[in-house]
Amino acid sequence: MKMLKTILKQFFHEPVTTLFPEEPPRNYAGTRGHLVFDPSKCTSCTMCMKRCPSQAIIVDRAAKTWIIDRFRCVMCGNCVDVCKFDSLSMEREYSKSAAAAERGVEKFDITYVKPEKPKKEGGE
Amino acid sequence: MNVLLSIIVAIAFVLIAPLLGGLFMGCDRVLTARMQSRVGPPILQPFYDVAKLWHKEKAFNNPVETIFTTAYLVLMVLSGVMFTTGGNILLMVFALALAHTFLILAAYAANAPFSHIGAERELISVMITEPVLILIAAGFYMVSGSFQVIDLFIVDGSGIILLPGIFVALCFVILLRLRKSPYDISTSEHAHQELVKGVTTSFSGRNLAKVEIAHWFELVILVSLAILFFTHLLVFSAIMIIVCFTLLLIIDNVFPRVTWKMTMKSIWLITLFLGVLNLVLLGIFGVLL
Amino acid sequence: MTGKQTIIPFGPQHPVLPEPIHLDLVVEDERVISAIPSIGYVHRGLESLVDRREYQDFVYLAERICGICSFTHSSTFCQGIEGMMGIEVPPRATYLRTMWGEYSRIHSHLLWLGLFADSLGFESLFYNAWKIRESILNELEATTGGRVIQGVCKVGGVRRDVTPQFLSEMDDRLDGIEDEMKELTNVFLNDYTLKKRLVGKGVLSKEDAYILGAAGPTARGSGLDIDIRSTGYLAYGDVGFKPVVEKDGDGYARCAVRCKELFQSVEIIRRVMTDMPSGDVSVPVKGNPDGEYFSRSEQPRGEVVHYLKGNGTKYLTQFRVRTPTLTNVPALVSIIGGCELADVPQIVLTIDPCIGCMER
Amino acid sequence: MNMEINMINVPDVPNIGAKMKSGGYRLVVITCTPVSEGYVVTYSFDKDYKLQHYRISVQDGVKIPSIGPSYGGAFVYENEIHDLYGFTFEGMTLDFKGTFIKTSIPYPFKKKEQTAPTVTVVNKEAKE
Amino acid sequence: MYSPELIAILILLLVPVCAAILLAVCKPDIIRNILVGISSVIIIGTSLFLAWNAWLAPISVTIENAEWISTLLFIVELAISLVILGLSLKYRKVLPMILASVQLVLLIILEVYSAGRTHVSQTFVVNDLSLVMILIIGIIGTLICVYALGYMKDYHDHQTGVPNRKRYFFALMFLFLSAMFGIVLSNSLMWILCAWEITTLCSFLLIGYSKTPEAVTNSFRAVWMNIIGGIAFTLALIYLLYIPSPVNLLSVTGMLSYPGSPAGLTIPLALIALAGLTKAAQMPFSTWLTGAMVAPTPVSALLHSSTMVKAGVYILVLFAPLFAHTWVGVVLALIGAFTFLATSALAISQSNAKKVLAYSTIANLGLITACAGIGTPEAVTAAILLIIFHAVAKALLFLCVGAVEHKIGSKDIEDMDGLLVRLPLLATMMVIGICGMYLAPFGMLISKWAALEAFLTAPLGVVFVSILAFGSAFTIFFWTKWLGKLFMRMNKPPAEKVTLHFSEKLPVVVLGVLVIACCIGFPAIVSGVINPYLDTHYPFFIPGGMELFSFDNVAMIGLMGFIIVLLVLGALFGSKAGKTLPPYLSGCAVDREGRFLGSLGVYKEAKTSNYYLEEYCGEAKLLKPSWVISIILIIIMLGIGILGVMI
Amino acid sequence: MTSASKSPWILHYNASSCNGCDIEILAALTPVYDVERFGIINTGNPAHTDIFLVTGGVNEQNKVVLKNLYDQIPEPKVVVAVGICASSGGVFRDCYNISGGVDTIIPVDVYVPGCSVRPEALIEGIVKALGILEQKRAAMEERK
C-alpha cells in the first residue's frame, strides 16, 4: 500500500508525457543526432572512412563522392573528431526512419576545390 | 415476468452490456494511465482493440479453440440473460462456471506450456471463486426464500444489511475475476508475467476478441451482482459502484501480483471468515428478524 | 511419480525478459524442480573485432558491449589502454568519469528496479521507476550527447567538459531526483506485499556467493564485501567509498542493496561535483599499446574485468571481457531450483542479468 | 594493477585451485590468449582486491583439468573457452557440450594459419 | 400359483446364481460369452418388467413358509464368516480374523434369539426406490458383466503374471449381482444382512483376484472394514429384537412404520448408519475403496460405482425418513458432508484415473449420505437423483478408463492427452461421462442443486451449504483438468488404429446414451418416480415444492442443454478454415516431432502436466486428520444414538 | 484510420542487440513517451501481435527464433527493424556471429536508424509502420 501516495499524487497532477508527434522531440545542445556533411570542405582525405567504427562512410576519391549509410552510422562522432577540415558536424535531430522501399544510402558529391597547394593526407 | 418482456430485456442486455463493459475497460485504462502519470489511450480503445482482432487472420493452435471460445462467449451472455431477466442466481452461477470451463478447455487444447499453466491457474481461480458465488446464492435464498433474482426486489430491506460479509467476499471475487493486479494470476492484463499471456496465450484474432467481449459481459454481470445487494437503495448503489470502481483501480495500481497460493489463501480466508460467518449469524439470528 | 512434470521453455523470447536467455524449467505444480540455463542468444563476437579497429576507435565498440553499462565499459577499456601505455589522465577527466559512471549506475539501478517491479506484476511502480530514470537520462544526454550510449570516453580522458554552471544546475536537480527516488525505494523496501514476495526467495548464502564467484549487488546482498570501487580507482579514492552490504542473501536483500546504492551514488556525485578539479579533460595520446593489462572496475552489476593485450601496433591482439553477469550465472543456477514458477522471473532478475554484456 | 604471473604446469591446475580456495581467494576470471607458440590460459584470483595470476601454456588439443571442484562457478569460463578456442576441460561442474555460446563458425578464436590483423575492405557495392 | 411379479423377483435372484454356477463350471470362452449374453438379456428384461410393474403399483409379495429360506441363509452367513476366517488364517491377518470371529459369534446369537420370533410376512417389497436400484443393478450391472468379457481377455494379455481364473471371476460377478438384488428386494432385515455379507465376500474375493501382495493386502483391508459394518448391522438387529413394538421391527416396512417416538430407534439407527458408512466407504473407511482399485476395472465399476457402495447409501436412504430431525441423522449427514469435502480435495492430488474416480465416488456417496442423514423430502429427492446420475456416469467412466488403459497402456490421466484424436469413441464417451459428473446442465449438477436447496432448510444448513460450496469447487478442479487433457492437441501423430471389442463398445455406448437420457428425462424421473416414493413416506410432502423443478428453471436448463448441442454440432460441422499455428514455445527452435531445442543442445518435449496441489491435498497431508475428524464424528453419532437425544 | 492502425500491439524481440535499443523501446512505453496513447500494448506474445519490433543484428542462434516468431504472428503484420544493428548489422556487421540485419532472415517493412534508437525516432517508425499495416490489411481484405 506504500504506492498509494504516489498514485494519488500523480493522479491529481498533469501527466509527464511529451506528446511527441505534436510536440517537437526533446534534445539538448550536445545531443548527437545525425551527421551532417559539408561537401564544400571535404578534401577526400578518407580519415572519416578509415576511423569509422561501423564503416558507415565511403569516400570515393576518384568519383569524388562521399556516401553515408544512415542505417549503419552509430552517431559516435568519431569522424567529426578526426576530420581536420570541419567538413563534418553533428546535428541534434535524429535521422528519419525509412520503409523498405525508401531505404538507401545518402550520397554527396564533393564540391571541394583544391587550393593551390593540395595537402596530402596520410592514412597512417 | 412475462415472456415478451423477458425477451426485450434479454436483447437489451446483449446490446448494452458489451458497451458498458468496454467503456468501463476504457475508463480503467485511461484512469490507470493518469495514476501512472501518463496520458493513456483513447477511452474507446477496447473497442478498437476488439475490432482489430476481429479482422485479423484466423489462426489457432487447435481448431477446437474456435468453438470453445464461442461457447465461452455464448454462455457468458446466457448467464447474463438469466440474470437480467430475473432468473435464477444459482443457475447463473453454474452457467458462469460452465463458461469458464470452456475457456479453460480452449487453453488446454493448445497443449502449449504457457497456455496450459494459464489454464491451470484460471481453473484455480474458478475453484477459488465458486464457493463465494454459491454462498451468494445461498445468502440471497436465506434473505428472500428463493434463488430467483426477481424475488430479491420483493422482500423488504436490502441484501447489504443482512449480508455485508458476503458482499465483501464478492468484491474480492470481482477483483480476481477482472484479473486485476494482486490477483491477475492467470493472464497478465497489463504488466508482464511469467506466463506470457497465460490462458489467452494461444488465442489470436477472432478467438481473442470473443474472449475479450465475454470478459466485458462478465464484468457487467459481476457488477450487477454487486448491485443486487442494494435492491432498495439504488441511488446509494450507484455511489457504491463508483466508490468500488475507484477502489478497484487503486488496488490494481498499488499492489504487485501475488502468487496463486497467496490468492487462494487470502480469498478463502475472507470467504470463510466473512462469508460463512455472515451466513451462520444470519441462520442463527435470521429467525428473530 | 512420473509424468506430473511440466517442461517449459522459458525464453529466449519472453515478455519478462528484455533480453534473450533460455531456461529449461521443469516444474511440478508450480515448484521448479530444475532449471538449466542456455545462453548465447546475444553472442556477437565483438572481441574478434579488436584486430580490425584501431584501439582508439575501439572505445566506441567497447561501449556497445552493452547499452546499459556502456559508460563503464568504455571507461574500463580506456583505463586499460591508459594503464598499459602509462598515460596520466587529467584529474578533471577522472572526476567526470566518476560522475558519469555514477549517473549511469543510477540509471541502471532505476532501470532494474523498474524491470523488477514489472516482473512482479507491479506496473505502476515500473512506470514510476522509469519516469525517474528519464531525468537521469536527460542529465546524461545534456552532458554527453547520448541517452544510453554516451560515447564520451576516449583514451587519455573524456571528449566533453561540463561547465561549472551546468554542474551546479545538475546539483540542484539532483535534490528533486533524490526525493523522488526516496519515494520509490520506500515502496520497494517497505511495501507489505512486495516484501511478502521477496523475503526468503532465492537465498544465496555468503559461502556460496564466494565460491560461485558472485559479483556486485548479488554478492553484496549475501554479505560479501566486494566492490571494486573500494580500490579507489578514478575518483573513488577521494570520496571515501564504503560498499553497501546486506546480510540475508535473498531477493529482498539484493533489491535493498540496489536501492541503497542509488543514494550512495547520489552522495558520490555530490562530492565529485563539489570537489571537481579544474583543468584539461584529456591529454593527447601518442604511440601504441604494448603488453598485457587487467583493467577492473565496478559496473552497476558488479566487477567487470577487461583483459587487453597489445603488441605495439595500433591494433590490440587480444581483448577479453569478463562481465559480472557471467560470474553471477552459477549463482543464479544455484538459487533458482526449488522456487515457485511465479518467482522465476523475479529470481532471474535479482542478479540483474545483462545478457548483452555477458555474451559480447 | 600489478601483473604477477606465476607459470604452472597443466596438471597442477586443480591443486592451485584448492590452494587458492583454502587461501580465501575468489576466482575472478579465466582467460585464454593465443601466443606465438600455442596458447596460454590465465587463472586470475583475487583477495583484498589484489590479483594473483597463474598461467599455463597449452597447445591445441590438450585436455585441461577443470577447477570446478574448488570453484563451482568456473564452468562458465571453461565452457566459454571450450566454445571459442576449442579446448576441452575435464570434469566441469556443468558441461554444456559446446552449446554454451553457439557460433556460426566453430571455435572462432582458434588460431588460424595467419593471425595478421587486417582492416576489412569496405564493401563498395553498397546499395545505391 | 406364483404371481408374475414374484416370478420376476425370483428370476432376478436365482438366474444370476445359476449363471454363476454354470460359469464356474464352463471353461471355453465361447460358452461363457453365450452364457453371459443370455443371462444378461434375461436380467435386463426381467428388471425392466419388474420396474414397470412396480412403477404402476408398489409390489409387496409374500412367500409362505419362508422359514427354511431363513435357515438356509443363516447357514450361508455362517459359511461366509468361516471362509473369511479361514482365509485370514491362511494369510495370517489378525484383524480380519478377530473381527470375523466376533461376527460369527454375533450371528449365532442373533439366530438363537430370533428363532422364536415371527417372521416377516411381506418377504419382498418393491417400491419406487428399490425400482431405481433394480434398474441400476439390472442394466448397469449386467452391462458391466458384458463389458468384462472383452476386458478380461485383454487383461490377461496385458497382465501375464496373473493366473487366468476367469471362470471364478465371472461366477463371482454374477453371484454378486444376485446378492445386490437380494439387498434391494428383500423386506426382511435378516435377509438383507445375508445378502450384505455375500457382497462383502464377493468384493473381498474380487479385489484379491490378481493375488499380488498389494491386492491381497487391499482385499483384507476391504474385508475387515466391511465386517465392522456387518457387526454393526448384526448388533442393530439384535437390538431391534429387544425393542417392544407392535410391528415387526426386523423388516424395513416395519421399521418405517414404527409408531413410537423415533427416539426409541436411535441406537439401531446409529448402528445401521455405521453399517451404511462402511459399505459406502465413508471417511474413516474410505481406504478400502481406493485400495480396491487394484482389481480389474469391471470389478471397480461394478462394486464401486453402481452397485455395492450404493447398497450402503441405499440402506441409509431407505431409513432417511427415520433420520429426519434426529441428531443421529444430522451427525451422519455431517460425516457424509465432511467426506464429500475431504475426498473431493483428495481427488485433486491423484493422477491415476481410477483413483480419481474412486475418490469422486466416495465424495458423491458422501453427498448422498449427507442428504440421507438430513432426511427431509427435498434431501431424499436429491439423494435419489444423485444415486441415479452417479451410477450411470460413474459406471461409464470406469468402463472408459478400463478400455483406455488397455489401448494406451496406462490409466494415468497424464497419458491421456489428445485422447479425442487417438481414441475418438472412447474419449467422446469419457467426455460425456465427465460432463455428466459435474457440468451444467448435466445430471450431477442438477442433483447438487437439489442438495443445496435441501441443505438450506436443514438444521445446521449453512454448514452443509458451505461444505457443499467448497467441495463443488474442488470437484470442478479435478474434473476440468482431466477433461482438458482429452481435448489437447497432439504433438505427435496418433499411433496405429486400435480396435475395441464389441462387448466393450456396446456397454460404453449404451451407458453414454443413458447419461444423456437421464439428464433429459430428469423431470420425468422426479415426477414419476421420486415424488410417488416421497408421497408414501412423508405425509406432508407437497410435490413440486422445490424451486429446481419450477418450469422456468427446467426451461433454462433445457436452453443451456440446447446451446451445448448447438455448439457440439458447430464443432462437428462448422468451418475449420484458418491457419494452424505451432504452440508458443518462446520462439525456441523446434524439430520435426514438435520438441524444442533446450539447454545443453538437447531437444526436449514441451510436456504439459496438470496440477495436483500435493502440498495441500496430498494423501499424506489430508488422510490422517480426516480419519481423526470422522472417527470423532462417528463416536459422537453412536453416543447420541445411545443417549437418544432428539432435536 | 481504421481499427488496425488504432490498436497496434507490439512484440519486441532482442535478436542479439547490445540492449541499448531494447531499453529505449521500453522507455517509449513509460510515462514520458507513453506509446499507449496510440493504443500500443507490448504484448510479448506473437499470437497477439501486429507489429514486430526487432533489435540487433541477428546471431546464429537467433535466426531460427526470429523465423519462428515471425511465422507465429497472424496476418496482417509489420516488421520494424529497430536500430542500426537490426537495419544493417551496424558496428557488429563484421563479427563472425552476426548475420547482418534482420532483413537477412525475415522481410522488414520499416527501418529505424539510431544507435541507440531514440524513443522519438521509434515512435515515428511505428507510425510509419501503421500506414503499412493499414495497406496490408486492405490487401488481405481484398484477397478474401
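Every chain is named by a letter (A, B, C, D, E and F) in the order it is written, and numbering of its residues begins at 1.
Assume a residue touches a chain if its C-beta (ideal position, glycine included) is under 8 Å from a C-beta of that chain, and two chains touch if they have at least 3 such contacts.
From a predicted model like this one, the values you see are computed outputs, not experimental measurements.
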Third chains touching both chain F and chain B: A, C, E
Chain closest to the middle, measuring from C-alpha centroids that were averaged per chain: B
B-E or C-F, whichever has more C-beta pairs in contact: B-E
Chain located farthest away, centre of chain C as origin (C-alpha): E
Most distant chain from chain F, judged by the mean position of its C-alpha atoms: E
Rounded Å distance, chain B centre to chain C centre (Cα mean): 43
Chain B and chain D: spacing of chain centres that average the CA atoms, whole Å: 58
Separation of mean Cα positions, chain F and chain D [Å, integer]: 37
Chain A and chain C, separation of their C-alpha mean positions in angstrom: 28
Chain F residues counted as touching two or more neighbouring chains: 13, 30-32, 34, 37, 42-47, 59-61, 65, 69, 74, 91, 94, 96-97, 115, 118
Contacts with two or more other chains, residues of chain E listed in rising order: 579, 581-582, 584-588, 599-600, 606, 608, 610-611
Numbers and ranges of chain D residues touching at least 2 other chains: 96, 99, 102-103, 108, 119-120
List of chain D residues in touch with chain C within their complex: 1, 3, 21, 26-29, 31-34, 42, 44, 49, 51, 53, 71-77, 80, 93-94, 96, 99-103, 108-109, 115, 117-120
Footprint of chain F on chain E - complex, ascending: 579, 581-582, 584-585, 587-590
Touching residues on chain F, where the partner in the complex is chain A: 31-34, 37, 84, 87-91, 93-94, 103, 107-115, 118-121, 123-125, 127-128, 132
Residues of chain C touching chain A in the complex: 53-54, 57-58, 60-61, 64, 122, 124-125, 128, 131, 134, 138, 141-146, 149, 151, 159-160, 183-184, 186-187, 190-192, 314
In the complex, chain D residues that touch chain F: 102-105, 108, 120
